[in-house]
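Paired with subunit B in one complex and with subunit C in the other, subunit A is shared by the two complexes that follow.
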Partner chain A sequence: MNESDLPSFLLDGEEIPFTPGQTVIQAALTAGHYIPHLCYHPEFVPHGSCKVCTVKANGRPAAACTLPAQAGLAVESDTDELNDLRRTLVQMLFAEGNHFCPSCEKSGNCMLQALGYDLGVMTAGFRHFFPDRPVDASHPDILLDFNRCIFCKLCVRASEEVDGKGVFSLTGRGIMRHLIVSAESGRLADTDIALTDKALEVCPVGVILRKHVGFAVPIGRRRYDERPISAQALDDAPRMMEPKHG
Partner chain B sequence: MSRNDPYPSVDAVVERYHADAAYLVQMLREIQETRGWIAPPVVTELARTLGLSRARVEGVAAFYSFLHLRPVGAYRVLFSDNVTDRMQGSEALLAYLSEKLWVEKGKLSEDGLLSIDTTSCTGLCDQGPGLLVNGRAIPRASRERLDVIAALILDRQPLDQWPAELFAVEDNIRRADLLLGNRLAPGEAIRAAILRGRGGQTEAAANERSWREANPAAALGPAATLEEIKRANLRGRGGAGFGTGVKWEACRNAPGEMHCVVCNADEGEPGTFKDRVLLNRHADLVCEGMTVCAYVIGGGGATRGFIYLRGEYRHLLEPLEAVLARRRAAGLLGRDICGEPGFDFDIEIHVGAGAYVCGEESALIESLEGKRGIPRSRPPYPVTHGYLGQPTVVNNVETFCAAALVAVHGGEWYRAVGTAKSAGTKLLSVSGDCERPGIYEYPFGVTVRQVLEDCGAGVGKRATQAVQVSGPSGTLIDASEFDRRIAFEDLPSAGAFMVFDETRDMFDVARNFVHFFAHESCGFCTPCRVGTAMMRNMVDKIHGGRGTQRDIDEMCQLSKAMHMAAHCGLGHTACNPMQDVMKRFRPAIQRRLRRLEFAPAFDLDAALAVGRRMTGRDDAGAHLETEA
Partner chain C sequence: MAEGRIRVATASLAGCFGCHMSLLDIDERLFELLEKIEFDRTPLTDIKHCGPCDIGIIEGGCCNAENVEVLREFRRNCKILVALGACAVTGGLPAQRNHLDLGACLSEVYLTEPGLVNGQIPNDPELPLPLDQVHPLHEVVKVDYFVPGCPPSADAIWKILADLVAGRTPRLGHGQIQYD
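Now for the complex of A and B:
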């Protein structure tokens, strides 16, 4: 299909063409426009939980990753009000978990940290919860550091949908929400996870870590050290207009 | 499982539900009813027989407050913790029982006999404080009744041997109008709908011709009843006030392999108990409304019905099953209902397991499907993609009752009552500081003042200070607003009406609600999961006398984020109580922040004089900074 034949909506005043079935964020990224996001992953059906991608569509707030694109929609994203909201949400996530970036293996490759930098979040602002979440080091090759989980469910879905296993699940309510693994012992070593699993690749933060390779790429030369997440995200987005799977 | 396991096997429970994973919550609940808790091997076994991952089953179980993955004792006593329970002395009673039975709140007693804890509002607000013992509701907690209970527990008496009087829940109907006063016979509304569809209105066939001639354009079949529901201007009673006719029509028009009718009997909003009374006293009417709905939306195809009954109302399960059985026997459920060929419909009851968020319609559907009760992203809405992806109507208990009345009496009759934008009547669950708490049915448009007068609030003693209309997610109003009306165009209400007299500390009231939301947030989205917990910490800090203006500012920042970005209504409204108190009862908070302007009488620098004398110093470094 020719781009000009496609329906379109407005994002901060610019016209964004879309193929029916795309959500606002999918269309925006495809067209080379960044909307900050965290739990959205181009290979998975949007989850819509972090709410960092919140925009205003015809004046009403909505998550851009789950909002179906519609012809004629007027979407605001890069406004002070919405960026303030995003900063608040990122601060809330930092305060909720235990994120000691300087000692975290994921530093520089972490989406949460990168978003913080990109949005200009200087402090966590709120009082920290300092939750007690012991790490699971039972597996010889994989470490789980639950302190950093943002509950995006990507590992759960990758394990279920791609690996066909169901190694992970989210449970608990409210602030007691937490990640569990599929074993009576509760230990990762007793699950059927394998080093080749997709579930090992999707965590946007530093929960699921391969052992023995931690600092192979030194801090300072990592993904988001090189360029901000707003630029990186556009590279990662599918740039073609056709739907992903034919 | 070990061979000498005394309980019904996991396999037997799974078999009864045809190994359908959509019944996972029901299976977990039933397994727990016999075993007391769900042990790790049971989870493994259940996952294996259902072909689910173990983590998935554990994940579901750990979502619901009433499902236990750890031993909780042979007797589990839960004290309802709504603000009205507290006003009726629940906290002191909990302490009394804990002391009497030597068990610490939230812990299992050393002998494993019992545990005592709190739970969200159990819907016994008009006869509180409410209790749940092993899931069974006990109203009117008092020292005397707790003495009886303590003795029964120490005697290890099984619950079904306890005196029935302990479990007697009253209906307390104080004012009846067209709904509570109805005298419809079972089947009347269904027959009326079928007759109307034949062009006979509700009169006998003799009148049919003349009526048809007078209304040549009138719809036939189920559409005729749909027209009446729309004409009645019936709006949902679960809170949002969505047009029932529009909802039914959208579902009717949506393509699907089957259409579903779901009755939302989760009634989790603190201070609301009118659905309990409707299900206890007018269960037939509820079923009539659901069956009429099935007739309207089914289009001759397959339909299924569900009642999602909150776990706190477990005691209504057997009576409701009996009503369903009676209706099946009378041809009002099952195949060819009322002799109408192809009109097949039945109703199943799902019992919830302690999660307020499951009252949100898409979370409710997730729970019906055997999952954690997490609200879905919408669109699509349940009317097109509901239970198992099929078109589904979700309505409140009271909405179905009203729909049944409309099916019999017609839309004009119904809309003649109430106000222009709010047709018909509304059931209010009145509790708190008043002489006659209970159920009051009024035409829409009644003033708050009228209700207060009728329920005996503030008569001759303490004046009424405030009313929480529609529960914590609703609106808190003060005495200057008592002439406002209960109606969608002024004060919409899902039914709660909690009265507070002048002795009540409104900050404490709001704090109770803030705790409720933090406990009930499903945890899916950042703003609500983290925001409700932060709010809870802040109000506790203020309560402890350590609050500052900064906490108030942070609460405002959080409120804004939650209001804008939360995924569902719970997160959107979770800040209402504090915001209402800040707006209407500012002194209640300001009083707690007094440390701000507080100049302590104790002078620290003067107290250091002794030290200065002893060290012989009097330089600047030996003084605290003091204002000039």
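Now for the complex of A and C:
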């Protein structure tokens, strides 16, 4: 199909073509337009929990990662109002966990941190919770640092859907929400998690970490040192709508 | 007070002086800066108390009663207060003790640590009492601007200072905002 035959919607005044079935964020990223997001992952069914991707569709707030693209929709995303909201969400995530970036192995490769940079978040603003969340170092090759979990559920989904294991789950509601390991002992060592599991790859922050390889890439050469997350996300987006000739 | 110069005070609270080192790292731009500002209380001048100032810059969070007192003195005297660096902005690495009991921390360090002989928890009236948790500055006083980074780069510090001295709202561009 030619791009011009496709239905389209407006994103910040620009026409975005889409294939029916795509969400607003998928169509936008495919067309080279960035909408900030955190819990959305191109390979997984959207979870719609972080709300960082909130846009206004025909004037109503909606999560761009779950909103189906529809012809004629007028979507606002890059506005002061929405970016302020996104900043506040990022600030709350920082205040809720224990994020000590200078001592975090994920630093420089972390989506939460990179979003903060891109949105210009200079402070968490709120009173920090400083919660008590002991780490799980029981596994010989994998460390779990619960202090940094943002409850995006990506590891839960990856472990269930791709690895076929169900190593992780989220439990509790609201502020009591937390990640647990599905073993009677509650320890990672007593699960069948393996270094090759998809669950290890998907965590956007520094919770599920390979041991023995921390800080291997020097500052300046890490993923988001080189390019802001807004540029990186576009590189990573599937480009199934490149114009097909003939 | 030299005519027309902007008066600046700085202090390091529960920090490591890394942010001050990074400030000095602006190198020869310091000369340019010194034509426009003069220092009040800072580790560079050794003035002990902060007088009325245009800009106060604080490195480090609050881990003890003296930190709180100094911070309040800065807030009272400075028109603009800047939290400089990860510790001032978030509590930083010292705040990694926040989920631990203070009494347990003190006894591990001073009493039960292997190799200690006749250890005792310091209790001199001259010593400021530690707070039960380390607090970022904005949890204690109103902070006008935040500069994250451990430490913020010299370029980021220069940009903030240059903006403030020129009377602009300080802003950092991509690559200048860093949390590590």
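Throughout what follows, the second predicted complex is superposed on the first by the 241 of 246 C-alpha atoms of A that agree within 3 Å, B and C clash if a C-alpha of one lies under 4 Å from a C-alpha of the other, contacts with A are read in each partner's own complex, and residues count from 1 in each chain.
Going forward, a residue touches a chain if its C-beta (ideal position, glycine included) is under 8 Å from a C-beta of that chain, and two chains touch if they have at least 3 such contacts.
As the structure is a computational prediction, the values presented were derived from the model and not from experiment.
*Asks:* With both structures lined up on subunit A, is it a clash or a fit for subunit B and subunit C?
*Replies:* fit
*Asks:* Regarding the shared-chain residue A:123, is it in contact with subunit B (first), subunit C (second), both, or neither?
*Replies:* second
*Asks:* Contacts for A:5 in the overlay, against subunit B (first) and subunit C (second): which applies, first, second, both or neither?
*Replies:* Neither: A:5 stays clear of subunit B and subunit C.
*Asks:* Is A:63 contacted by the first partner subunit B, the second partner subunit C, both or neither?
*Replies:* first
*Asks:* Applying the touch criterion given at the start, work out whether A:235 contacts subunit B, subunit C, both or neither, answering first, second, both or neither.
*Replies:* Neither: A:235 stays clear of subunit B and subunit C.
*Asks:* Would you mind checking which one, subunit B or subunit C, touches more residues on subunit A?
*Replies:* B
*Asks:* After superposition on the shared chain, which partner residues are touched by A:108: those of subunit B (first), subunit C (second), both, or neither?
*Replies:* In the superposition, A:108 contacts subunit C only.
*Asks:* In the overlaid three-chain picture, which partner chain does A:80 touch, first (subunit B) or second (subunit C), both, or neither?
*Replies:* Neither partner.
*Asks:* Name the contact category of A:131: first (subunit B only), second (subunit C only), both, or neither.
*Replies:* second
*Asks:* So if I put the vertex at the Cα centre of subunit A, how wide is the angle out to the Cα centres of subunit B and subunit C? Nearest 10 degrees is fine.
*Replies:* For this superposition the angle at subunit A equals 100 degrees.
*Asks:* Just how close are subunit B and subunit C at their nearest CA atoms in the overlay, in Å?
*Replies:* Comparing every C-alpha of subunit B with every C-alpha of subunit C, the smallest gap is 7 Å.
*Asks:* Can you list the residues of subunit A that touch subunit B in one structure and subunit C in the other?
*Replies:* 125, 127
*Asks:* Mind listing the subunit C positions that touch subunit A in their complex?
*Replies:* 83, 86, 89-93, 95-96, 98-99, 133, 136, 138-139, 143, 145-148, 150, 171-172, 174, 177-180
*Asks:* State the interface residues of subunit B toward subunit A in the complex, per the touch definition above.
*Replies:* Residue positions touching the partner: 40-41, 43-44, 52-56, 58-63, 65, 355, 357, 372, 377, 379, 518-527, 529-534, 537, 554, 557-558, 560-561, 564-567.
*Asks:* Subunit B touches which residues of subunit A in the complex?
*Replies:* 46, 48-52, 54, 61, 63, 66, 68, 85, 88-89, 92-93, 95-96, 125-127, 129, 150-151, 160, 165-177, 180-184
*Asks:* Provide the residue numbers of subunit A that touch subunit C in the complex, in ascending order.
*Replies:* 94, 98-104, 107-108, 113, 116-118, 120-125, 127-128, 130-133, 219, 228
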